[in-house]
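Each in C-alpha cells, the structures are laid out below.
Two complexes are shown next, each including chain A; its partner changes from chain B in the first to chain C in the second.
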Partner chain A sequence: MTAPINQTDAEFAAAPDRPQILTPPPQRSRRMALLIEHPTMWIGLILLMLVTLMGIFAPWIATADPSALNPAFRVKPPSADAWFGTDMLGRDIFSRTVYGARVSLVVGAGVAICASVVGLAIGLLSGFIRWADNIVMRIMDGLMSIPAILLAIALMTLMRGGSVFNVILAITIAEIPRVARLTRSVVLSVREQPYVEAGKACGTSTLGIIRRHIMPNTMAPLTVQATYICASAMITEAILSFIGAGMPSSVPSWGNIMAEGRALWQVKPSIVFFPALFLSITVLAVNLLGDGLRDAVDPRLAKQV
Partner chain B sequence: MTDAPHLIEVRNLVKRFPIRGGLFSRSVKAVHAVSDVSFHIARGETLSLVGESGCGKSTVGKCLAQLIPLTEGRITLEGKNIAGLGRAEMQPVRKRMNVVFQDPFSSLNPRMTVEELIAEPLRSHRMARTRTERRTRVGDLLEKVGLPRETMVRMPHQFSGGQRQRICIARALASEPDIIICDEAVSALDVSVQAQIINLLMDLQKDLGLALLFISHDLAVVEHMSDRIAVMYLGRIMEIADRDAIFRHPRHPYTKALLSAVPLPDPSAKRDRVVLTGDVPSPIDPPSGCFFRTRCPMATDRCASDVPALRDMGGGQMSACHFAEEV
Partner chain C sequence: MSAYILRRILSTVPVVLFVMIFVFSLLYLAPGDPAAILAGDQATQEDIENIRTQLGLDRSFPVRFVEWAGGVFQGDFGTSIFTREPVSTMILQRVEPTVSLMIVTLIIALAIAIPMGVAAAWKRGSLLDRFIMLFAVLGFSVPVFVVGYVLAWTLALKLGWLPVQGYTPIAEGIWPWLRSLILPAATLSGVYIALIARITRATMLEILQQDYIRTARAKGAAGHTVLFIHALRNAMVPIVTVVGLGIALMISGAVVIETVFALPGLGRLTVESILRRDYPVIQAVILVFSFVYVIINLLIDLSYTLIDPRISY
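Moving on to the complex of A and B:
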C-alpha cells in the first residue's frame, strides 16, 4: 500500500494512462442536456445563427448593391423588385438591411469580447490589489454615473468620425465598468474560500491562484454578462447611427437606415419598419440566449420565460 | 535539550489583528490573537495544540504556515528563520510544510479534478514535470491514503467528507513535507470517520517520519494521537508537556478544568468537576497579569500584577502558573 515516493525512471515510463472506467460524465453532454431543457436558449441560438448567416452571406442574399442610387425609383413601397421598398435615394432597403446585420453583429460581438477581456483584467486587479481597488473602482463609479449612451456619443465626438473600430471602442469604454464590478465581486468572494488558502499553502503562486482558482469561477457569470452586453451594444450602435454619431451613411447599418426613413415614417413606414424589426429580433435572440445561459450556469436563478 | 536545532522552533510568537476605525482607518485597537507563544516540534513528533474556540490555536497554525504574517517573534525551520520571508524564499519552506484544513468541503476547489488538486503542489514545486510522471505520483499518493488510483479522474463533489479529507491529506503529502499542520482536520467529520482519518495520519506519520502539529479541541482525539500537548487559553500557552503528564498530573488550573470537562463514558462515575464561571475575556482587552486569573479558582493578587512565565516543573513539563506546585 505504501508505494515508495521516489520512483525509478522505468516506473515513470510505464505510467498508466487514465483508466477508462469511472471517467466523469463529460461536461458537454450535461450542457447539451441543459440546452434541451431550456427551449428559449434554442430559439435564441437559432435566430442568432440565421442573422449571422445573413450577415456572412450578404453579397449573395442581397438583391441589389446596397449603395447603388436609383433616383427614378425612390421611396417605393415593398414590391417584387424591391422586397422591402426603397429609400429617398432609391437604394434597395432589403439589401441595406441584409448588409446592416454585419455592422450590428460585429459591433455586438466586438464590444462583448473587448469589454469582457478588459473588464475581467480590471476586476481581477482591483479584487486582488487592495490599494488599487479604491482608485480603480472610483473611476468605474465615475464612468457608470454617466449614461452609457451619452458617454458613447461624447467619445464618438472626441474620436471624430465613425468607423466600426471607433464605435466598438466607444461602446466598450461605456460597458467596461459593469464587467469590472461583476468580476471584482466574484474575486472578492472566491479569494476568501478555504481552497484558495489551501492552494497558497501548496506553494501556488498568486498568478497560479488567479488562473486556476479564481478565473474559472468568473467565467460562468461573465459569459452571461457578455451576452447582455452584446445585446445592449447592438442597441447603442443603432442609436449612435440613428442620431448620426455612429456609422457613416455610406455603410448601411440598421440605425442609419432608420435615420434616413425618419422624416417619412408617417407616410412610408416600411423604411423604418424593416431595419427596426431585424434589430428587435436580433436583440431578442441574444437576450434569449443570455437568459438560457444564465439558467444553465446557475439553476437557482432559473425562471421560465 | 540537544544542540541540534529542532525541526520547528517557535519563539515568542505574537499576532495582533488591528481593528481599524475612525478617520483614515487608523488602527485604534487590536485583537491579541496570539501572545508570546513558544514551542518546538521535533522530527516525527506530534504536538497537539488544544484550547477552546477563539484561543488562537488556528492562528498559530496559520502563522506557522505563513498564510498570515506574524506581528512579532521568530519561527525557525531546522535553525533557519522563516518568519517574514518573501514569496520566493518561502517556496522551499512551503515544500517542507503543508496544511490540512478543517472543512474538506470548502478546502478543495469544486471545479478541479482530484488529479489536478493533488498535482497542484507537484506543479508549484516543480517536482514532476511531465504529465505521466505527475499522474503516477498522484496515483501513488491516492493509494497511500487508501483511495483507489482510478478516483483521480473524479471531481471532489463525488466523494464523502472522509474521502475528501483523505484527498486533502494526499495533497498535503505530495511535496514530501517534513511537517503537516492539521488545523482541526477531523472536527468536521463523523466520529467513526474521524477514527479512520486519525489512524491514517498516525500510520503515515510512522511510515514517513512526519511531524504533525495537530490543532484540535477534542481531548479524546488529542490523547490518542499526541506525543506532547500544548494547552492554550486566550492566545497564551498555559501548559505544555508530554501527553501522559498533561492527562495524569496537570500543573495548571486551566488544564485541570479542561480535563474535568471531558465527558466520561460511565454515567455513574463520580469525580471532582472544576466548573469555571464567567466567560472568556475579550482578546481586545485581555486582563492584566495572568490571562486566566478572571476565571481561576486559585487566583490571588499576585496573579493580577505578574504575568506568569512558563516554568519547568520537571520532566519537561512547563506550566505558566504562579502556583503550579499546588495544583
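Moving on to the complex of A and C:
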C-alpha cells in the first residue's frame, strides 16, 4: 500500500505515527536466512541426517544379519533377496552397507570431537606459554610432515589389531596438528586485541581471559574445521580398512566391504560400488555442511580456504 | 639472503629429528621380538640372548637410535623381516612407478586446475564458476579409490581404451609407460585439482580487485594479458605453496591408487608390508616419504624469491 502523492497537511497530521510503507518486513528467522543463502548446506544436513538415521535404525532397516554367512549364496548380483548382492562369503551387502554407516559416523564424529578438544588445548597452551610454543609447534610440524594416512598406518601397526577405538585414536593423532595450528593462530591474533589488554588491566586472570575472550573467538573457525576433519576422518578410515590396516575384516565398515570386493571388482563391481556410493555421499554431505557453515559463520573464511 | 636460506634449512632439523625419533620408536615398540624371530623356533633362551647381544638389541634406546640414524644417512635402512633383503634395495626397486605416477599426476593437476581456478575467478558467480566449485567439493568428497574404480571400470574395462592394471617401465618406451599411468594419475589428480583450483580462484579473486589490475585494464591491456600476466603471475606464491602442501595428499593417495591399479611402487610396498607386519620396511617407507615432503616444501619456500622478486630476505 503506497501513500497518495498529493497529501494535505491534515492528512499528514492524521497519518499514523509509523506510516504503513515503513512497517518493518517480517523478520526472517536466522535459520530461514541461512536456508535461503546456503541451500547446499541444507542438502548436506539432510543427507547426513538420513545416513545417521540409517545407522541408528540399522537393525530394523537391514534385511539380514550383516555377518551371517551363506556359502550357498555367494557373490550374487543384486536381486530381490539381496538388494545389493552378496559378497564372497555370502553375506548380504545391503545389510553390511547399512551397518557400515555406524562405523563411518562414529569414527568421523569421534575423530572430529577428540581432535578438536585436544588440538584446542594444545593450541591454547602454545599460544599463551611462550617457552612451550617452540617445542609444541616443532612437534606439530614433525607430525604434519608425515602424510596423514602413513601416520595413521604407522600407529595402527603399532597398536596391533584394529578396533573402533584404535582407529579413532590413530586418525585423531594425525589430525590434531591442524586444529592446534588453527587455534594458535587465533590466539596469537586475539591476544593483541585492545579488549584483551583491557581485560588484563582490569585484573582478569589468564584463565578468565582464555575463557571469556579467546575461546569464543576460536569456536567459529574450530566448528568449521571440525566438520572438515570429520569428512577426512571418514575417508581415512575407509582407506585404512581398504588396505587392511583398519578394522578387523569381520566388522561391516564401508572400507572393509570394498576391501573384500577388491579381488573381484572386474567381474562383480557391485560389491565395491554400493559401499563406495554411500561413503561418497556421506563425505559429500559433511563437506557441504562444512562449506555452508564456513560461509555462514565467517564470510572472510570463505576466501582463505 | 644466504642467512635466510641457512636459517630455513636449519629449521627443518627439528622436524626431521622428530620424524626420525617417531619412526624409530615404531620399530622399537613394534610387537614381536626380532631376536626371537631370527633365532627360529628351536632356539633356547640362551641362543636368543646371544643373538640379542650380537645385534646390539640389548642396548639402550638412545644408543640404538644414534646407530640406526647413522645407518639411515648412509642409506642403510636395515633388513626386511619378510624377504631378508636390504630395505634400501627393495625401496630403490619400487621408486620408479611412484615417482612416474607423481610427476604425471602433478602435470595433469596443474594443467587442469589452474585454468579452472582462473576461469572461475574471472566469471565469478556464473554457472561456470558454480560448476567448477561443485567439482572441487566433489573432488574432496569422493575417495580416490572410488574414482579409481569408476574410471578403470568405464575407460579400461568397458571401453578398452587403456590398460586396466599394471605398470610398464619407462625403459619399454614412453607411450606404453604413459598409457599405463594415465588412469591412475587422472584418478590421483582429482583431490589435487580440487585443492589447487580452489586456492587459484580465491587468490585470483583477491588480486582482480587490486588497483593495478584496474590500471592495466584502463591502459588498454587485453583481457587475457591482464588475467594471465598481471593477475596469475601475482597469484603464484599461494598456488605454489598449496602445490607443495598437496604433496602429502598425493603421497597418501599413491598408497591407495597403487593398490587399486596394481602398480609396483612404494605405496604398494607399504600395503604389502603392513599385511606382512614387516616393520623395517614400513618404517623406511614412512621415513622416505616424509623426507621427500619436507625437502620439497623447503625448496618451495626457498623458491619464493624467484617466483616473486618483491620477496627478499
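Definition applied: the second predicted complex is superposed on the first by the 266 of 305 C-alpha atoms of A that agree within 3 Å, B and C clash if a C-alpha of one lies under 4 Å from a C-alpha of the other, contacts with A are read in each partner's own complex, and residues count from 1 in each chain.
Basically, a contact is a pair of C-beta atoms (placed from the backbone, for glycine too) under 8 Å apart; a residue touches a chain by one contact, two chains touch by 3 or more.
This structure is a prediction, so every number in the text was calculated from the model and none was measured.
Trainee: Which partner chains sit in contact with A:S189 here, chain B, chain C, both or neither? Use first/second/both/neither.
Mentor: In the superposition, A:S189 touches no partner, neither chain B nor chain C.
Trainee: May I ask you to decide whether A:S163 touches chain B, chain C, both, or neither, giving the answer as first, second, both or neither?
Mentor: In the superposition, A:S163 touches no partner, neither chain B nor chain C.
Trainee: Return first, second, both or neither, reflecting whether A:E197 touches chain B, chain C, both chains, or no partner chain.
Mentor: It touches chain B, and chain C stays clear.
Trainee: Does the superposition put A:R212 against chain B (first), chain C (second), both, or neither?
Mentor: first
Trainee: Of chain B and chain C, which one contacts the greater number of residues in chain A?
Mentor: C
Trainee: According to the stated criteria, A:D291 is in contact with first (chain B), second (chain C), both, or neither; which is it?
Mentor: Once the two structures are laid over each other on A, A:D291 reaches chain C alone.
Trainee: Which parts of chain A are in contact with chain B and also with chain C?
Mentor: none
Trainee: Using the touch definition up top, name the residues of chain A that touch chain B in the complex.
Mentor: These residues of chain A touch chain B: 1-3, 5, 7, 11-12, 15-16, 18-19, 21-24, 193-195, 197-206, 208, 212-213, 216-217.
Trainee: Under the stated contact criterion, what part of chain A meets chain C in this complex?
Mentor: 138-139, 141-151, 153-154, 157-158, 160, 231, 235, 238-239, 242-245, 258, 262, 265-266, 269, 272-273, 276, 279-280, 283-284, 287-288, 291, 303-305
Trainee: Which chain C residues qualify as touching chain A in the complex?
Mentor: Listed in rising order, the residues are 14-15, 17-19, 22-23, 26, 29-31, 137-138, 140-143, 145-146, 149, 153, 157, 164, 198, 202, 205-206, 248-249, 251-252, 255-256, 259-260, 270-271, 274-275, 277, 279, 282-283, 285-286, 289-290, 293-294, 297.
Trainee: Quick check on the complex: what are the chain B residues that touch chain A?
Mentor: Touching chain A from chain B are residues 65, 67, 87, 91, 94-95, 98-99, 101, 103, 106-109, 111-113, 116, 120-121, 123-125, 130, 132-133, 135-137, 139-140, 143-144, 146, 149-155, 158, 168, 171, 174-176, 207-208.
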